[in-house]
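The two complexes that follow have chain A in common; it is paired with chain B in the first and with chain C in the second.
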Partner chain A sequence: MKIDMSIRTRTMLYGLMCVLLIPFVFPTWWMVTSSVKPISDIFAFPPDFLPRTYEWSTYQRVFELQPFAQQYWNSGYIAAIVTAGTMIVSSLAGYAFARIRFPGADAIFMVVLLGLLIPAEVTIVPLFQMFNQWGMINTHWPLILVPVFGAPSVFSTFIMRQFFIALPIELEEAARVDGLGRFTIFRKIALPLAKPALSAVAIFTFLHSWNLFLEPIVFISTPEMFTLPQALTQFTDAYGGAMWNIQLAAATLTALPVLIVFIVAQKQFVEGLAHTGLKG
Partner chain B sequence: MANVTLSQIKKKYGNTPVIHGVDIEAADGEFVVLVGPSGCGKSTLLRMIAGLETISSGTLTIGNRVVNDLDPKDRDIAMVFQNYALYPHMTVETNMGFSLEHRGGSKSQIAERVKWAAEILDLSNLLMRYPRQLSGGQRQRVAMGRAIVRDPQVFLFDEPLSNLDAKLRVAMRAEIKNLHRKLKTTTIYVTHDQVEAMTMADKIVVMNAGEVSQVGAPLDLYDRPANRFVAGFIGSPSMNFIDGVVENGRFTAPGIDLKIPSFTAGETSRQLICGIRPEHLVIGGEGISAEVSLVEPMGSETQVTFSLPENTIVGVFRDRIAAKPGDVLSLGVQTDGCHFFDPLTDLRVE
Partner chain C sequence: MSQASHIVAKSPRAFWTIKRRDQVAGTLFIAPQLIGIIVFVLIPLGLVFWYSLHEWNVLANSFKFVGSANYKMLLADPALPEVLTATGIFSAGLVIFNMSLALLIAVLLNQKLWGIVVFRTLFFSPVVVSLVAWTIVWSFLLQNNGGINAVLQTMGIEGPNWLRNPGTAMFSIIVVQVFKNVGLNMILFLAALQGVPKELYEAARVDGASAFKQFRRITLPLISPTILLTSIITIVGSLQVFAQIAVLTQGGPGMSTTVLVYYLYQQAFQFHFFGYGATLSIMLFIIVAVLTFAQWQLRKRIVFYEN
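Moving on to the complex of A and B:
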């Protein structure tokens, strides 16, 4: 009887999950299938589950209309540098806030956290003026420096701090008795143990940088310097109308690394959040 | 190996004093146990010896070298923590050799020392495992291995057996004692378990509220507790305490009239606390008439709780007792079984 109940409950749960899946899966499905449909079929009603004809040339057109490979590279290398930079900055800062008692540590941490409350739109104009003075407009520097030292890094610092606080202090004390100094303890004991939190930070940061939209459209002005989210807005015809199938092909290519990162690192992502006590 | 001397050691957190001027001497090769209830300052004291807590005042000497301001790494000590503190991302072998590696030992030297320690602690077949793959007892042995591999002058143990089950604790107790016999390294061991202290120590330091209550050999503490706290702390079940009057060589209290040979017959009347260990009560003796309120047969012994007009006392007897709750029994006390304490100072009265 108990088993019957369990099976019934499980079936209901799976059914519910399938229903909940629809709003998440449908847009992706629509994007992928529409990217190979003729433009006239995209908004046909009722929509076709699968394309009637496949137009693979849309993917070729993506690379003809824009320097898409260059833009792909731009997004990739910027995301890689931002991810590495944020991991370094947030792990060091998180460790300092968690373990080093210095005067005003809590107050400084609160000030740092306050940075999360300020929307990017509020700071974008002063940031533009600052980078303009530094001669960094239409370079990738703002897209690297803002995330590494701005709000995304603050969030990562918070994640890392929470992780390091939860790390047993005895491990560090044992390391002190073993003869390690503060930085070596960080490097050889704390950091290797922080892999789950670092993975979460890496994924968050990579996705954030990859999807960054406001900063590129403010700081970058030439197609060769564009990143992918910005490039997606450029697939229009001479009258400003969207070239839907080509744009969706570009969107599919843009979403691909994100999906791969998420599928590959899903476990670390969940573990990392669980370790830092941030799971919902 | 070295002697460890604590001289007027004090510790304050802000304005709150927690250690109030402690003097302890651990001779070269001695096994000293710091014992006391939770919060008495024993772990803080051990951490001060390790260099993990600063010393507010006083002098700490290890091997005739004042180490107050030295880092833990420069004190030539090794510490075993309560939760073992093994590095989870390192194998047993790496854990054990880590400090040597960091101190610049050659690979062959490290391998040799780790092999030596692993053989002593029966860890040779576990060297490639990670801490998560070990049982509690194995982790404890690895923690000890990590400590001995460096051949330090002093071992510090901070309640190392408190996470183990009762059976394993007994086994590990013997193992630590054997290890000490083999290595003869000066050891300072913290525990709140008086049985652990009694069975392992050459010298016990009983601590209470940041002060040393008594220092001595285990049986000295049992036989001649210096004050009421030590008398109650050492021994299980705890000593019975009865308020009464000593006069003319007799101790009297409601339900009690005991002849005290150790007190002279001419002693004038004096209010004292009489302490009697449960195992020193004798059924069928003279001096105490008590009603049985609880009988707890343990197999090898029987624990009986008695009600007196103003007190409850506990007795432990090797024999099986047929008495039932409500029975009134005559009890006596073994020779020299009475300890007396001043009710004002709690100090022992001879």
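Moving on to the complex of A and C:
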């Protein structure tokens, strides 16, 4: 904004930002370093910023105490299917709401928007009962079907609709004159242009699925079927006390891959989120 | 009649007018989402209401129509004031702290400084850290003998037992949640700040307006649509807080951190009172609906500028 900033102002701004950063960066640092500390060092005073001794066996114990590889796979494949499914459902619906005029479209859009008003927590009791009747308790179906088709995907549909509305229509109209069908126009012309919105939808959906906690603990009961957030809370000794270093090792394994992908692709992440229909 | 059959015979495609084709295509495109909303949102919403009129204990396998009894029980529930207070404190504290911190960081990140992208990345990074992993780390840091009190002790301050003290437990949960997700609002604010035309500031400077006055009279009004939109998302999101409470305090100490969703979970899935759980769901639904509606009304009054 200001063209010239004095060195003093700059230093103050950098200093302020560095202090503000502490609670954002320090926990992650603490998680990674403490995961290789022996349990006796973990509450050492004064606290160690780097481990004095490295105890890599905590990572081995993560896999011994729980079927952690299986749980990792569960979370990963569920998040992948949910992300892909939501992208398909939301881009189709978002495109139709933006482009195809037909009687009833506005009324249907209002009905779909109701999903934004009704968080999954409101309907968790009947959803449990429905999936119970379908024999889908302790399966991954509820964790896939509800996010892809239910309330969580409405937000994505809204983002896609806003994006398609802002997209120039001339190209598609030319294609219609040439006699191309709606689906071909959608797939060949509109969708390739919608990559920014699609990537925002993909990021949101993946994180939402990866973080899901209430639904797994309601629907899933055996360790082999657990997802990661649920599994992370289960690293306790026989007395229910937390096994901190092992829990932190498991937390590191859960958090670090996503964090690394984010740092590599941070530009697409941040700009994808900033430049979509979120602006209203 | 002969004329009509003549047209049909001559042009078999006439049935598929553009209107009809759009109707079919539109319906098919929307069908997966619409069927999903009907099956996983609207029918369950109806069922929640239906269940709330019943006494339903899953363990005892009893399902009995009791009319408004659950609602009377809700109003007489001695825990209700505590639950609503906890929910209110959490949502209000979260929104205020989240929005002001997001705005502060966004203003800082909007300065032309070398290496600003690195700062942006770091401020945003907790958003992509798994929620439960983040919460577990903070639970570790907030233990009585944990990292935060250790750091305080080196400064000669005796820290409280953050998660076991009724005065600090809720505050701790709010702080953990704000640092986790403030990056999202920060990015939205940053995008809004960058959309404010630079000429306005130049004109204001020529007129001798102070930096604070520029912020108050130019920046705030122009980004008010974003502030409103993000506050809606943040408030509705704050009503859904669950994992943080399950990991950090399990609703304690006492009931000081038992927010509505956590209470709902306890009643329905720990104590198996499905009917009462459904009644609490209805209350949650009404609160979300009223808040959203109120904010959309507010939008008409306080938002100065929209494109």
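The definition used in the following text is that the second predicted complex is superposed on the first by the 250 of 280 C-alpha atoms of A that agree within 3 Å, B and C clash if a C-alpha of one lies under 4 Å from a C-alpha of the other, contacts with A are read in each partner's own complex, and residues count from 1 in each chain.
Keep in mind that, in the parts below, a residue touches a chain if its C-beta (ideal position, glycine included) is under 8 Å from a C-beta of that chain, and two chains touch if they have at least 3 such contacts.
Source: prediction; values computed, not measured.
Chemist: When the two structures are laid over each other on chain A, do chain B and chain C clash or fit?
Modeler: fit
Chemist: Taking the superposition as given, does A:L13 touch the first partner, chain B, the second, chain C, both, or neither?
Modeler: Only chain C is touched by A:L13; chain B is not.
Chemist: Which partner does A:T28 reach: the first (chain B), the second (chain C), both, or neither?
Modeler: second
Chemist: Quick one: classify A:L180 as touching chain B (first), chain C (second), both or neither.
Modeler: Once the two structures are laid over each other on A, A:L180 reaches chain B alone.
Chemist: Looking at A:I137 after the superposition, I want to know if it touches chain B, chain C, both of them or none. Which is it: first, second, both, neither?
Modeler: neither
Chemist: Taking the superposition as given, does A:A265 touch the first partner, chain B, the second, chain C, both, or neither?
Modeler: Neither chain B nor chain C is touched by A:A265.
Chemist: Could you figure out whether chain B or chain C reaches more residues of chain A?
Modeler: Of chain B and chain C, more residues of chain A lie in contact with C.
Chemist: Just checking: does A:L127 make contact with chain B only, chain C only, both, or neither of them? Give me first, second, both or neither.
Modeler: second
Chemist: Once the structures are superposed on A, label A:I165 by its partner contacts, choosing first (chain B), second (chain C), both or neither.
Modeler: Touch partners of A:I165: none, neither chain B nor chain C.
Chemist: Touching A:S90, do we find chain B (first), chain C (second), both, or neither?
Modeler: In the superposition, A:S90 touches chain C alone.
Chemist: Measuring by CA atoms in the overlay, how small does the chain B-chain C distance get, in Å?
Modeler: Taking the overlay as described at the top, chain B lies 8 Å from chain C at its nearest C-alpha.
Chemist: Using the superposition on chain A as set up above, list the residues of chain A that contact both chain B and chain C.
Modeler: Shared contact residues on chain A (touching chain B in one complex, chain C in the other): none at all.
Chemist: In their complex, what parts of chain B are in touch with chain A?
Modeler: So the residues of chain B touching chain A come out as 50-52, 71-73, 77-79, 81-83, 85-89, 98-99, 102-103, 146.
Chemist: State the interface residues of chain C toward chain A in the complex, per the touch definition above.
Modeler: Spelled out, the residues of chain C in touch with chain A are 19, 21-23, 25-27, 29-30, 32-37, 39-45, 47-48, 51, 104-105, 108, 110-113, 117, 119-134, 136-141, 143, 145-147, 150-151, 153-154, 175, 179, 183-184, 187-188, 190-192, 198, 201, 225-226, 229, 236, 239-240, 242-243, 246-247, 261, 264-265, 268-269, 274, 277-278, 281-282, 284-285, 288-289, 292, 306.
Chemist: Any idea which chain A residues touch chain C in the complex?
Modeler: By the definition above, chain A touches chain C via 1, 5, 10, 13-14, 16-17, 20-21, 23-25, 27-28, 30-31, 34, 43, 45-47, 88-90, 92-93, 95-97, 100-103, 105, 108, 111-112, 114-130, 145-146, 148-151, 153-154, 157, 181-183, 186, 207, 210-211, 213-214, 217-218, 228-230, 232-233, 242, 244, 247-248, 251-252, 254-255, 258-259, 261-263, 266, 269-270, 273-275, 278-280.
Chemist: Which part of chain A faces chain B closely enough to touch in the complex?
Modeler: Where chain A meets chain B, its residues are 168, 170-171, 173-180, 184, 189, 192-193.
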